[in-house]
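One chain, chain A, appears in both complexes that follow, with chain B as partner in the first and chain C in the second.
Let's look at the complex of A and B:
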């Protein structure tokens, strides 16, 4: 591991300047992802910025406008918080992250800004496109876990469980940088590799996520998160889906659907949403809606199954949402 | 030599005895190799090849040597590297981080050579050669046959033909390979995570060209090996050389990636099988062409035809080299591979014949023990509830399957032990075996205490050091049948000596003294206790060294396992719900740790059949999943209910149990999946992607 400077900023406001001035800075909160990247040598920062002591990043508050959660809030604390229970799908998504140990250490901000799990990205042995190389090894390599849509030119999937649910709940993400605060819709926070193959989100070098806002309207929605993992004991999603909707009798309205595990960003399934808006979620209709969504999917050699899985999981998620 | 006591006369053997080192382990007091700290100790790291095949032209270590904190560097360990992860150079430094950073400063010039990492491509004409002079990369070639296979197929009413494929599995011990080396004068002390303190002593002495009595190998506690740690590897030698060069002790523990690349694996296997039977279910013929890869090593053969009676059979096998780390024996080498293919084929044939798979096995399995085991297992498992394959409907479908195994597991006749009885009544045994996590500490103590009619706390087992009498490496299920008879015999000899001394002291004949439960009854003189009796030794301990003898152990086991799986048809996920194992291993020495051993075997089978798969990137030869996130071993949530029955053959004496339970379940699980979904998956592991595609294929017909 390369020697680095360990900085304890005095407040949130001072962080952007540290980030802007360092040659290579790394934000350090729970450390569950950052440490692993440093050990592997795929991140070799000069400055490690410790966010753990910034207690004003670790809050969970609820009022009539909605739910506000600091980026430094621990996932375990979110699960235990009464305020968060108003959005059951959100709590489900947080609960499905990693393992108990990881949720005790990991933070909300860290989960939303974690780097991809792609093994070509994670191994220092591969000089892959995302790390500045000129090849995405997944295209002709072992690509069972890679994306089926939105891939070109890098075929990662975005691994966060919480991200798809934030999109489904129309959440917003607050970002602080040298120029001050800005609020971004969760739907606009993550980017595809075609836009930027080196980053997974819109954060500039001087910026950090400070809080997440879930509007009060989310409380009126039914929400549900279904995560499928190959190994229950500990795994990232092979495919996951977050659904949120109002139930008008048997009809779904205000439908929002976002997938994990299918694309380089949490994938909002706009076509499926449209197909299901105002409809009764019969099995045939849901499968047809999912088929429309993934009609343009371009599975790689080893991940055609993800198309089937994505359809089946939407079916399962809506079946359970309606039944709940 | 006295036989083992009757079962109802024993108090420590054939009982559930908790591990005597259990408290040490759960409190962290047990010192594994990783825990060894020596004064002034340095940390070693190995620079590993980034290329699957290359000539090493030069290794410049000057920058690494100049780094502050670096104490020793070894450059150019090999002239040619044969896989990604092969040894190139090594460093010892005052911290692991500095050692790691020093590796980055070593400049290596390679001449990159052509390579191959797919065994199916490697055996083709014109493929890059892993070793020169071995065209098509064929290592060992093997052909065997019995009867006339063509005649056998002519007699068959039904024939099936398929290729069964198993990928490379890794040993994945929780404690990786590694050692601490300390030179004391000319003598080398090596704390090593090894399955063989004696095999390591010999191997290290040979490699370093030094007398064997100057090498002392110590393994008091170790975190598993599964066959990968039977003999010393290059890291042992590198660590010893670094320690010598630096003039300080060096700890060199492999990290998880190194563990997965460089120190062993279970070979892959592709078995093209043709198998025939008559209408009445009598097997007539078996034919197999197989190949597999053990990387740059050998040993990918499979013991086909496995278990069942074929009057006519013919097999041929090729070991195919690829540019990957050498295989090492892994829990029942070749057997689970043979089991998966054979049990799958048996079920397919049974389906075609319209015969119940268990009945089909009963008809074609000549082993009388297994005949009984099948019946016991079927009863406990509820085999009668098995439905026709693919008949389940709904989101979740269940299936049942069965599979069988066999193994040797006899004792090594060169094993020796010393039992000492001291004048103050203390008792110990010295035997150069090692506890690789299975409970050897406990059975050594239990057998000694049982024979001397003492309690466990009265005896001190001393194992895990190469300076103790010779015992074999813990492999091939040989430890219990080697160690327990020898300890018993040594204890018996020491007891005899003690009786002689006591008899002389009290002026009676040894055979007139009655001994039981720490009490000596001496005619006309009443009872004396153990300590009083031992005081007669008058300052000199009894020390009896004894060699293993025939009569207290056997070889040859039979076993079968049943599995019930539930398949989620929306996700393709297979969950094993229940497993029932029926296993013989002669006299079960410790009923508790033996059950753990069988449970562990079944856990390994679940990993092999459903999760584990060593991948090698085709274009670079790099293993992309060389970590425990992506090389998936099952965890707590993947565990089914385990039900273990030991088939009682105690009269045969002690037989090893390491390998037997790691075989039958692989085929049982695969068969249960096929029974559940009505489609067979011919390649392990059976992962959700394969199940979903198989289900989709079935729907389309």
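Let's look at the complex of A and C:
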């Protein structure tokens, strides 16, 4: 690992200034992903900006307007918080991240800004496209865990469990940079490789995530997160789905569906939402809605199973949502 | 889980890193000035930290790159916590930090400055093993033993928070620990027996 200077910024406002002035700076909160990347040599910062001592990033508050959670809040603290229980699907998603130990270390902001798991990306031996090279090795390589939709020129999946749920709950993400604050819809926060193959979200060089806002309207929704993984004790999702809706008798309204594990960003299933809005979620209708969503999917050689999985998980998620 | 990073930098950093002869461009002097204005900093040289490890106060000097695990093993001679994957994927390095279980391989030692750390070495009282340790031996809850210190730390923490766990609660408590020898059923049994022994005051 390359030597670095470890900086404790004196307040949130100082972070963008450090990011802007340092040539290679890395934001570091729980550090579980960042440190692994530094060990591997895929991140070689000169300056590591420690966010853990910024106590005004680590809060969980709820009021009339909704739930506000600081980017520095530990995942374990979110799970334990009474305020977060008002959005059960959100807590399910947070609980499904990593392991007990990792949730004791990892933060909300870190989870939303973690880097991809693609093994070519994670190995310093592959100078792949996302790291500035010319080739995506996943296209003809081992691509069992890669995306089935929204790829090109890079076929990662975005690994966060919390991200799809934030989209389903119409959450917003607050970002602070040199020019001050801005609030972005969770739905607009992550980007596809066609827009920018080198980063996964809209953060500018001088920006950091400071908080997440889940509107009070989310409390009136039923929400549920279903995660399918190869190893049940802990693992990243092969496919996961976050669903949120209001139940009007048997009918679903205000339906929002977002997938993890299928695309380079958390994938909002707009076509499936439209097909299900105002409808009774019968098995046939749900499968048809998912089929419409993934009609244009382009699986790679080893991941066609994800198309089937994505359809079946939506069926399961909505069945459980209605039954809950 | 993890961190946000300054977007784009990774790429630039990478390009520079593979540039062969032109590496070694650092901007540390100007940064020093920047950080003085915007906060405090340590490194790239060694930093002094204080830890309370198994009840004893220790002061050590660490390079900021040192993980808590390496500081424990290499500088404090506490080799009980195991370095297996070294990337947060197995739980063999589990220690209790300020009352919570964490992966010592996945955090910097400097971030543990001022913290209380409990490792497997601190469990026995003199020659008397902790009830969880005794149960692991009695129930053959290990084969190669590499995962064992991590499993035991997770189990000890569970029994502290929940003295009468159900089987599911035991499974959940050690779900972040991997055993490639597959001793899980024996681990569950050992934790259950340890819980019962501890309630009897064993």
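FYI, the second predicted complex is superposed on the first by the 324 of 324 C-alpha atoms of A that agree within 3 Å, B and C clash if a C-alpha of one lies under 4 Å from a C-alpha of the other, contacts with A are read in each partner's own complex, and residues count from 1 in each chain.
One rule holds in what follows: a contact is a pair of C-beta atoms (placed from the backbone, for glycine too) under 8 Å apart; a residue touches a chain by one contact, two chains touch by 3 or more.
Given the structure is predicted, the values throughout are model-derived calculations rather than measurements.
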Tell me the contact category for A:302 with respect to chain B and chain C: first, second, both or neither. first
Name the contact category of A:46: first (chain B only), second (chain C only), both, or neither. second
When both complexes are superposed, which of chain B and chain C contacts more residues belonging to chain A? C
Touched partner set for A:213, first chain B, second chain C, both or neither: neither
Classify the contacts of A:117 with the two partner chains as first (chain B alone), second (chain C alone), both, or neither. first
Looking at A:59, would you say it contacts chain B, chain C, both, or neither? Reply first, second, both or neither. neither
Should A:234 be classified as contacting the first partner (chain B), the second (chain C), both, or neither? both
Considering only the contact definition stated at the top, list the common interface residues of chain A for chain B and chain C. 1, 233-234
Once bound in the complex, which stretches of chain A touch chain C? 1, 3-10, 14-15, 17-19, 21-39, 41-48, 50, 52, 75-76, 97-107, 109-115, 127, 130-132, 198-199, 201, 203-205, 208-209, 233-234
With touch defined as at the start, can you tell me which chain B residues reach chain A in the complex? 50, 84, 97, 100-101, 570-573, 611, 615, 617-620, 622, 624-627, 629-630, 632, 634-638, 687-690, 692-693, 696
With touch defined as at the start, can you tell me which chain A residues reach chain B in the complex? 1-2, 117, 119-120, 122-123, 125-126, 137, 140-142, 144, 228, 230-236, 238, 302-306, 308-309, 312-313, 315-316
So, in the complex, the side of chain C touching chain A is made of residues 1-18, 26-28, 30-32, 34-35, 37-44, 47, 63-65, 67, 86-88, 91, 94, 100-103, 106-108, 110-111, 154, 172-173, 175-176, 178
